[in-house]
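The structures considered in this document are given below.
Presented sequentially are two complexes of subunit A, the first with subunit B as partner and the second with subunit C.
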Partner chain A sequence: MGAYIVGGSVVKVDRHFEYGYRDLAYKALSSCEVCENPDYVVVASALPELMAHQVDVGVHIVQWTGRRVPVVRVESGESSGVAAVEVASSLIRSGAARKVVVLGVEKVTEYPTYIANRMYSLILDYEFEVLRGVSPPVYAALAMKELLRDGFSRECFSSWAVRMHENATRIPHAMLRFKISVELFKDVQVLAEPVTLYDSFALGDGASAIALSSEPSGYEVAVEVKYSSSEVGLPAYSRDRVSELAASTKLLKQLGERFGVDLRKVVVELHDSYTPYPIALLHSLGYIDIRCELDGLDYLNLSGGLKARGHPIGATGAYQVYEVFKLLTGGFNGLSTNSEVGVVHSMSGPDNLSRVLLLRRWK
Partner chain B sequence: MRLSVPQFWRVKESLYKLILTKCLNCGKVSVFKRSTCPYCGSPKVVHEESQGIGVIESFTRVYYKQDSSEDRLPEVVAVVKLNEGVRVVGEVVGVKVDEVSEGMVVEAVLRRYASDDPYGVIYYGLKFKPLKQNNTR
Partner chain C sequence: MKAGIRGWGAYIPRFRLSALEIASLWGYDSRIPKALNIVEKSVAEEDEDAVTMGWYAAKVALRRARVGGEEIDAVFFGTESKPYAVKPSATIVADALGIKRRKLASDMEFACRAAGEGLRIGVGLVGGGFAQNVLVIGSDTAQANPGDLLDFTASSGAVAFVVGPEGSSVASIEASVTYVTDTPDFWRRDRSPYPEHGEIFTGEPAYFHHIISAAKLLMEETGLRPSDFDYAIFHQPNGKFPLQVARTLGIPQEKVLPGLVTPYIGNTYNASALLGLAKVLEEAKPGSRILTVTFGSGAGSDAFSIVVKDSIADVVNLGPRVADMIGYRLPITYAEYTKFRNLLLRNV
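Entry: the complex of A and B
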């Protein structure tokens, strides 16, 4: 039995001070026309205990929406959203449910940014990394320094951010819908040398609802979840190189070997929390060399990526899946592709864990 | 964020010492006291304490704010390759931030991590300081 994405809806990634996690979830759910009457709800959220003081967030969301449907919450750090789609697909393929709604939701603006930064850093190992002063930008900086030593230019990373911002101008739900230039990097705030604020994702609140069904024929459009896989990598401090994203590289290579996936020919959303990571990944996969030319990768992060669409941590994967679904089935806001295949890549931390989904348009 | 005293106490061997885990199966050495090898998963491991001396392989000056105070910023976090051949990441202190360099020889020292202000517990752990100023390898 197959699992098919048949529709979805997203809330603009932003600082929604007027909405709590329940409001955001309800907004996404209520504007998703095909999300009615699921057999199961899978909620993806990474930080509700820390940011909203709420345990069992899935139950409280479902109760708030007036439903009595079974719910489970999936937490897998930054990759929670894609993990939830994996769980939903499994529920359908096993026959346990015919229709499942994945609901990615995250509130990150309940406290000042420095507290959100502290909470976000907990995607790393608290006892072995966080207590020692290691945070996600530290690894991004160490990774960028390795790539600079390899011969990549600073402009390579800046250009990624510029491209993501440009892509995001066409995405209605993107957080940063404005263009930036490479020149701006000279004066921007440094997070961890040489990584700047513009090399980092945009942190925002968000919610995304996606409906999956075992019976796509009754829906206007459908995209099959053809394949999903995940891999745990070594801790960054145990690798020869921080920029060695072995788990992500392995998974994306497998898509090429098993399904003939060429990232130049498919819609692809790569996890770009910090600019060195997509560059390192595309390099290790052989798509770019140190000249960093992204020519031919026309459908790469059309959403603007985590960099500019924004990164509502545990909900981000559900945004990525929604965006690829939309781009395979007509597009949005005048943005469309002629590809029938899409790839979603998500990871938590610097490749501590990586997930990929292969999606194929069914109708 | 208040720290947990039992949690700190429990992991004291990783916070106060640099314990290495040697795998008897694959032969690789990893940092911290572990019951299994992170490379091959084998439980056949032995532990030994590092001398705590190594060389800075790479480092970054960090301005990422995680505290209401910016007093400690920037701080330097480095990848240190220990003499035993194992890498560990940690903060570098006892030297001006613009004087840290790759190749600098450093040693692990016990320093303050945090405290439950104003009258609470003070938490200590390992950081790195130059073994001898301007001593590079």
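Entry: the complex of A and C
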């Protein structure tokens, strides 16, 4: 039995100071017409215990929205959203449910940014890394330094951010809908030399609802979840190179080997929490060399990526899936593609765990 | 009866602490001062406080207004750094200036906008015929937790205005509105020496929302458009925010820069936007229309539309100008700053 995405909705990624996690979830669900009457709800959220002081967040969301359906919450760090789609697909494929709603939700602005960043850092190993002062931007800095030593230019990373901002200007739900230039990087705040604020994702609140069904025929459009896979990588401190994203590379290579996926021909959303990671990944897959030319990768992160669409941590994967679904079924806001295949890549931390989804337009 | 500004005065301590020195001491990126558009901040000396600074500004305001103490019917002192937790500062200043005893006098607290509300109350008292002249003072030796981002900007300064009948004023207050909500973006609890703030929460839902809402409300009620104003002055927690507000409202930067004083003296809290107004009054040509919007955390904004009259030229030179006080500067070290602002705990 197949699992098909039949619709969804998103809340603009932003600093929603006036909304709590429940409100965000309700907004996403209530604007998703095809999300009515599911057999199961899978909630993806990474930080509710820390940011909202709430355990069992899925139950409280379902109760708040007036539903009485079974719910499970999935937490897998930054890749929670894609993990939730994997779980939902499994529920459908196993016959346990005919219709499942995935709800990615994250509320990160309950606290000042320095506290939110402290909580976000817990995607790393608390005892081995966080307690010793290692944070995600530190690994991103090490990765960028390795790539600079390999011969990549600083402009390569800046150009990624510029491209993401440009893409985000066309996305209604993107957080940073403005253009930046490479020149701006020289004056921007440094997070961890040489990684700057503009090399980092935009942290925002968000919620995304996606409906999956075993019976796509009754819906206007449908995209099949053709394949999903995940891989745990080595801890960054155990690798020869931080920029060696072995798990992600393996998963994306498998897509090429098993399904003939060429990232130049499909809609693809790559996890770009920090600019060195997508560059390292595309290089290891052979799509770019040190000249860093992204020509031909026309459907790459049209959403603006984590960099500019924004990164509501545990909900981000659900945004990526929604965006690829939309781009495969007509697009949005005048943005469309002629591809029938899409790839979603998500990872938590610097390739500590990576997930990929292969999506194919069904109708 | 309409009200207007009869006179104004300012006080800016001469000591300046470089924002780069603050960044260096506390390990901030050296690009932070540029990002905040702050070069240095003014620091009051050991024997200065909100009262002494406010007194000087008020003395000059009375001189420019050409009124004596017997003609002042109310004194409002806006501050969040009053020397006495319980004991009015307004009475100290009033007595020191020889203002008559039959008067209203009180200290006002609403973070950085208490003096702005004082101005509105002054407009109301004069307009309602309850007072002939009202003295409004905004004065702060602003507090910031050492090493906090606020440390870059929290500074010292004072400003004072005499509000009187429009007919005897040098600048007419043609309209004013206030916009207030309960927004906990910045606060200081009892027994806490320094304020705390909600970081990014102090921006969009607090500062920008209230200032923009008050400005729009004023324009809705008056029918004025952004292009009708020759100058625009917004509360200045740093040198960047007021320019962002102007962009949002469609007001060109050149109308904001003349009243933007924070890059050179920091955020003087209750005196912040109103020092900008004082500076513009000293430079504006008769007929100029000035938009002034205060902001205080907690949160609220007062928006004023002020039109400069011909008679302003007669009073500008009756006191020191803000621009001259900004230029009269003596650099100090962070060590001197800690001494001047009594930041070191010691037995005495």
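Assume the second predicted complex is superposed on the first by the 363 of 363 C-alpha atoms of A that agree within 3 Å, B and C clash if a C-alpha of one lies under 4 Å from a C-alpha of the other, contacts with A are read in each partner's own complex, and residues count from 1 in each chain.
Keep in mind that, in the parts below, contacts are C-beta pairs under 8 Å (C-beta built on N, C-alpha and C of every residue); 3 or more make two chains touch, one makes a residue touch a chain.
Quick caveat: nothing in here was measured; it's all calculated off a predicted structure.
When both complexes are overlaid on subunit A, subunit B and subunit C end up sitting side by side without clashing. More residues of subunit A are in touch with B than with the other of subunit B and subunit C. Measuring from the middle, so to speak, at the Cα centre of subunit A, the directions to subunit B and subunit C differ by 80 degrees in steps of 10. When both complexes are overlaid on chain A, the residue A:D187 reaches subunit C alone and has no touch with subunit B.
After overlaying the two complexes on the shared chain, residue contacts for A:P137 are found with subunit B alone; subunit C is out of touch. Legend: residue contacts after superposition of the two complexes on their common chain; A:T113 is shown touching both subunit B and subunit C.
In the superposition on chain A, A:R15 makes contact with subunit C only, while subunit B stays out of contact range.
Here subunit B and subunit C sit at a least CA-CA distance of 5 Å once the structures share a frame through chain A. Counting contacts by the rule stated earlier, residues 112-114, 189-190 of subunit A appear in both its interface with subunit B and its interface with subunit C.
Looking at the complex, you find that subunit A touches subunit B at residues 112-115, 117-118, 121, 127-129, 131-135, 137-138, 141-142, 145-146, 189-195, 234-238, 242. Residue ranges of subunit A in contact with subunit C, taken from their complex: 15, 17-18, 109, 112-114, 187-190.
Residues of subunit C touching subunit A in their complex: 29, 31-32, 34-35, 198-201, 204-205. Taken in their complex, subunit B has these residues touching subunit A: 1, 7, 11, 14-15, 30-32, 38-39, 58, 60-68, 75, 77, 79, 87-91, 113, 125-127.
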